[in-house]
Amino acid sequence: MARIVLSDEFGRQFAGGQTHFDLDVKNVRQLVRTLDDMFPGIGEQLEAGAIAIDNEIIPDPWLNPIQPNSEVFFLPAIKGGRGE
Amino acid sequence: MSKLHISATVNGEAVEYLCDPKQTLLDVLRDELNLTGSKEGCSSGDCGACSVTLDGRLVCSCLVLGVEMQGRSVETIENMASGEELHPLQQKFLEAAALQCGFCTPGFLVAAKALLEKNPNPTETEARYWLAGNLCRCTGYDKIIRAVLETAADMRGSK
Amino acid sequence: MAGYEGKTFKWVGTRPIRPDGVDKVTGRANYGADMNLPGQLTGRILRSPHAHAKIVSIDTSKAEKLTGVKAVITGKDFPDMHNGVMPGDEGVNFHHLSSNIMAKHKVLYDGHAVAAVAATSAAIAEEALSLIDVKYEILPHVIDVDLSMQPDAPLLHDDIFTSGVNPKPEKPSNVVQRIQMQLGDPDAAFKDADVIVERSFKTKAVHQGYIEPHAAVAEWSEDGQCRIWCSSQGHFMIRTLTARLLKMEAAQIRVMPAEIGGGFGGKTIIFIEPTAVLLARKAKRPVRVVMSRDEVFRGSGPAPATSIDVKIGAKKDGTLVAATGEFRYQAGAFPGSPVGPACMAAFGPYALTHVRATGYEAVTNRPLCYSYRAPGAPLSSFAVESVLDEIAQKLDMDPMEIRIKNGSKEGTQMVYGPKLKAVGNLECLKAIQSHPINKIPLGPNQGRGLAAGFWFNLGGQSSAVVNIAEDGTATIMTGSPDIGGSRASMALMAAEVLGIDYSKVRPIVGDTSAVGFCEITHGSRVTFATGMAIIQASEDIVLQCRQRVAKMWEVDVDAVKWEDGHALPAGANAGDQKPLSLAQIAGKAARTGGPLVGSAAINAGGAGPAFGVHICDVEVDPETGHVTVLRYVAAQDAGKAIHPSYVEGQIQGGVAQGVGWALNEEYIYGEDGRLQNSGFLDYRIPVASDLPMIDAIILEVPNPGHPFGVRGVGEVPIVPPLGAIANAVARATGVRMTDLPLTPPKILAAIDAAK
Amino acid sequence: MSGFQYEAPVSVDEAVGLLAGAKGLAKVLAGGTDLLVQLRTGAVQPDMVVDVKRIDELRQISGNAASGFVIGAAVSGSEIGEHAALVKAWPGVVEGMELIGSTQIQGRATPGGNLCNASPAGDCTPGLVAAGAICVVAGPKGRREIPVEQVPVGPGKTSLAKGEFVVALKLPPRAKNSGDAYLRMIPRTEMDIAIVGAGVDLTLDASGTCTHARVALGAVAPTVLLVDAAAKALIGSKIDDAALAKLAAAASAACKPISDKRGTIEYRTKVAGVLARRAAVIARDRARSNG
């Protein structure tokens, strides 16, 4: 089972305050669907943000695999990281 | 108002152009003579990207009227290299990575050339103050100042 | 990633002359405003003189009748857009974006575009603007972020409802969103602190200050095809957004990247291109729109003003036990403030088990607030570094020691969730700690300031093509605008993989119809992500070469290896073959399967976070409050510096911008809500005589997410300077100031008040 | 926004004729570093622009320290800075001129232009006022000479009548043991408008006692202030710390500044005293070494 961590904000808004979940999912798409089934409406919000799987931030996640021992964080959208 | 006919010397060549009294020398260079190496960054003399020499004197071409040019001579970045040979400042700017986006670079080169012609051995402080009218937002000036000082040393050594 | 660990690089890490250099020192390079098409018209934009007003009417009839005027447009010429963010919008509210480019019913800031003209000369275009009669009904305005968040503040939009609060609000508000991220229980943990410092800070809006104003030339042809030449940080972004805003198909639009005269985040969004396209379409002639400097300040996308509270608690030994921050970031007239990254980056350099970052974003009657180098992070970092410095003073502790003691490192959990992989924070701190600057004695009125900074860096989508010519030379093409020397980095990486001389690689920035999609040049992603695409496309060429040679030698491809630009037998079973160079293989390409074309298209993850630590010495004139920066040293982890000179350049440039931000740069508004310093005379970016040499130290802790170990380097240099300068001024004067910028009048007033 | 008629007369009389006969607004173009910006923004929309740089008299520096220098109104800052004898005799006047803008601006900006632009913050004016410079004005009724401080009468306004323009600035004969200095406060090190400016000119006798002093302040009132009380604080003293403190207090007391985007009333008032004091020290040291 992968460890899934929501932000406090999402936990409070959608999941009755719960932020940590152990879920058996194979990829990000399945994870988002599973969470949306559990907490209707959260999926759209999660898709708007970024994600970190095993401490690696992934842009535009969807089909990225999630291992049984993976740790997954949902992050706010990292918008505007625009410099140089 | 009708346009005025102006005869001037640009980069050593006699040119004639028609010019609205409101057009600046920068407008004339860029739009009438197609010399777009001089850049427009502010139109108020605050950024130096349009630097040229006018009768040998460093000026902002955005603060000169095109109609003032009758009988006068202007040198722009386009005439800094001779043939295929870059001016030592141009070469040093490349080697020292003294440019990033490159937009301010023509103005810096024209201004730095005027500095070294007047003062072949400037101190760092003198170079910084001479070039204070040329804004650069990319480099923090470090590599530009180093390039100018190193070129000055090279040019003194080769004389 | 395989293949390069422990490898000695031949090209990567060297400092050759950049491929586009000669064009840029001779004036030949073409920037946005340098394009001049036959029949080209001059476009000019009319802008609001009011901070907030309803547009009652716009009468363009007089302007249209003026001889030489070929087109006049207003907000009505722009298609209506859906108000909201739909799936596929990539988070963009197109109604807002369109309304920013040309106001529809209301103007929301001084400088908001209301109409545009195209005419046969600049003088006629300007006269035409003066003939457009706009009737306004002036509304109350709000500039300050704290005032904007008040319940009775003038409301900018009736369709913004604060997100991230419970219960969902029923009344519209200027507050766009509230976000929060937390580790542990900071409120409880503060009870364990021996010393707590809590401070409030305010900062002013600043501008990226690129020297090249926005410029675009648009051409419309009778079959509906459109070409745009413009300077931006992403011509694919320009294509996508222009197509969406004008309801066109992407393939109808071809965007040619001009050279870009600086961006720093400010050219990652669209301002004038759709206007140029509509004018060109209406006038049936090419139109060039170039912003004046005044328009750049009033009508582009500066960085936000902020109001911040930070509280940090520590043990006597300097161990940080808890920290909280509330970051209130001003947005412009439309949402888009970088408060998310600000929260994420604020405490980045420190390992904290109990920490909370809360962010608010509120719209104000100012131009669209947009990205500026490590967006949001310099401000939140300034507040945190200031409070930390004060804690060190209270504990009588060396400011370096407290930072090293609490420094984040591999395994540290960040406030936004994940744990750090290998990073160079401690390496940077120690490099500064052992720097000779620490041994230089300080004189009267002098102070030394230290600060650390963090930026996570971005990856994302990039494409690259490598074409090998018949003589073995390479043309490499990407769609990432070269904003500070990236062509050189791309060529170095290709030369490294292909094993050919750097001079035999010519890098090109391709237009939107010539190369695959690339995201904007932002977030320090190009050397990392587009570079990764170049590496993969070059590896594709190497593989193809080995396959061709395997055919020639009639062996398996595994029996052919690639070294130093040559195919060699991998072992004895490949036979006694002479090495074949890339040129030799390319010469036979026609007979071995056709042209050698390598390509890669990726969406790169694995961007490695960057850390930087800065130290500086300042002297404050106690009678005038004037600050002189005496010395400045910046250490940064680049992962692997592809072209060290341009890495140093990024560091030095970021420092200079940060020093300006700390000392003198600010948007100054009058009571009327109008910007008072929309020029380089009174918006004071540092000039050459304001700065010392900036000592840039590059450290290389390889990023495990990149084949060469590259980390982005462009963002983090602007994060620490605000804190470093403020800390130095505090130590020089004995007075801690919490309002940026630290102008001479403010400093003198603070010194006098403390007497 | 219509265009304008451009004229480049070669004599003073021709210029006066053009200016006096112009219909509508006529503007004099010297270095153009202010006028071109005003034209660009539309702040000024003249019907005629008279370029005075082709008039020889306006382009020369004549005279010497003993007899007094005459500086053509359209001599550029760079040219003034290159005039060794002028720099030696009037370093403060030259400093004021050389602080106007960048090297590029120096190549164009003129003392006549800076004076007639009539900005309270113009860098060239306090030094000239302190020096007791006289302005030579040509007009339809011939020439007249007025003290420099009488040219600007308010921000952007001069006492010049229609058809008049500034031909030259005359500096008085330079006494022995004299020195002058100009200092200004700007947030950066270059490229700014003065928040405060202070010019001091003084003469010492053989014993080092101050026998003559003039103190002028810029950017602290609608026009440059000539502060008699500040000068009196110096005259009769050896310009010691006590005199300098009195000078500073008198300078601050004379200020009638405004608060604006560049500085506050409090700041300008305080720093005016600081700069006047510092400028006086420089002028004193120059006077001592200028025997």
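Letters are used for the chains, namely A, B, C and D, taken in the order the chains are written, and counting of residues starts over at 1 for each.
The rule we apply is simple: a residue touches a chain if its C-beta (ideal position, glycine included) is under 8 Å from a C-beta of that chain, and two chains touch if they have at least 3 such contacts.
Computed from a predicted structure; not experimentally measured.
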* Structure fact -> The chain pair joined by the most C-beta contacts is B-C
* To do: Compare the CA centroid of chain B with every other chain's and tell me the farthest one.
  => A
* **Separation of chain C from chain D, taking each centre as the mean of its C-alpha atoms, in whole Å** => 44
* Structure fact -> Rounded to the nearest Å, the gap between Cα centres of chain A and chain C is 26
* Asked: Could you state the distance in Å from the CA-based centre of chain B to that of chain D?
  -> 29
* Asked: So which stretches of chain D touch two or more other chains?
  -> 2-3, 189-191
* Asked: In chain C, which residues are in touch with two or more of the other chains?
  -> 123, 263-264, 483-484, 650, 680-681, 686-687, 689-690
* Structure fact -> Where chain B touches two or more other chains simultaneously, the residues are 20, 22, 43-44, 46, 129, 131-134
* Asked: Taking all chains into account, which pairs touch?
  -> A-C, B-C, B-D, C-D
* Structure fact -> Given the complex, residues on chain A that touch chain C span 5, 7-9, 12-13, 44, 47-48, 52, 55-60, 71, 73-84
* **Residues on chain B engaged by chain C in the complex (per definition of touch)** => 20, 22, 27, 30-31, 34-44, 46-47, 49, 76-78, 80-81, 86, 90, 93-97, 99-106, 109, 124-125, 127-129, 131-146
* **Contacting residues of chain C [partner chain B, same complex]** => 15, 17-18, 20-22, 24-31, 33-34, 36, 121-123, 208-213, 259-264, 290, 292-293, 483-485, 643, 645-646, 648-650, 652-657, 679-681, 685-691, 693-694, 696
* To do: Enumerate the contact residues on chain B facing chain D in the complex.
  => 1, 4, 20-22, 24, 43-46, 48, 51, 54, 57-60, 62-65, 67-68, 70, 111, 114-115, 129-134
* chain D to chain B touching residues, read off their complex -> 2-6, 8, 29, 31-33, 36-37, 39-40, 49, 51, 53, 76, 78, 101-105, 107-108, 189-191
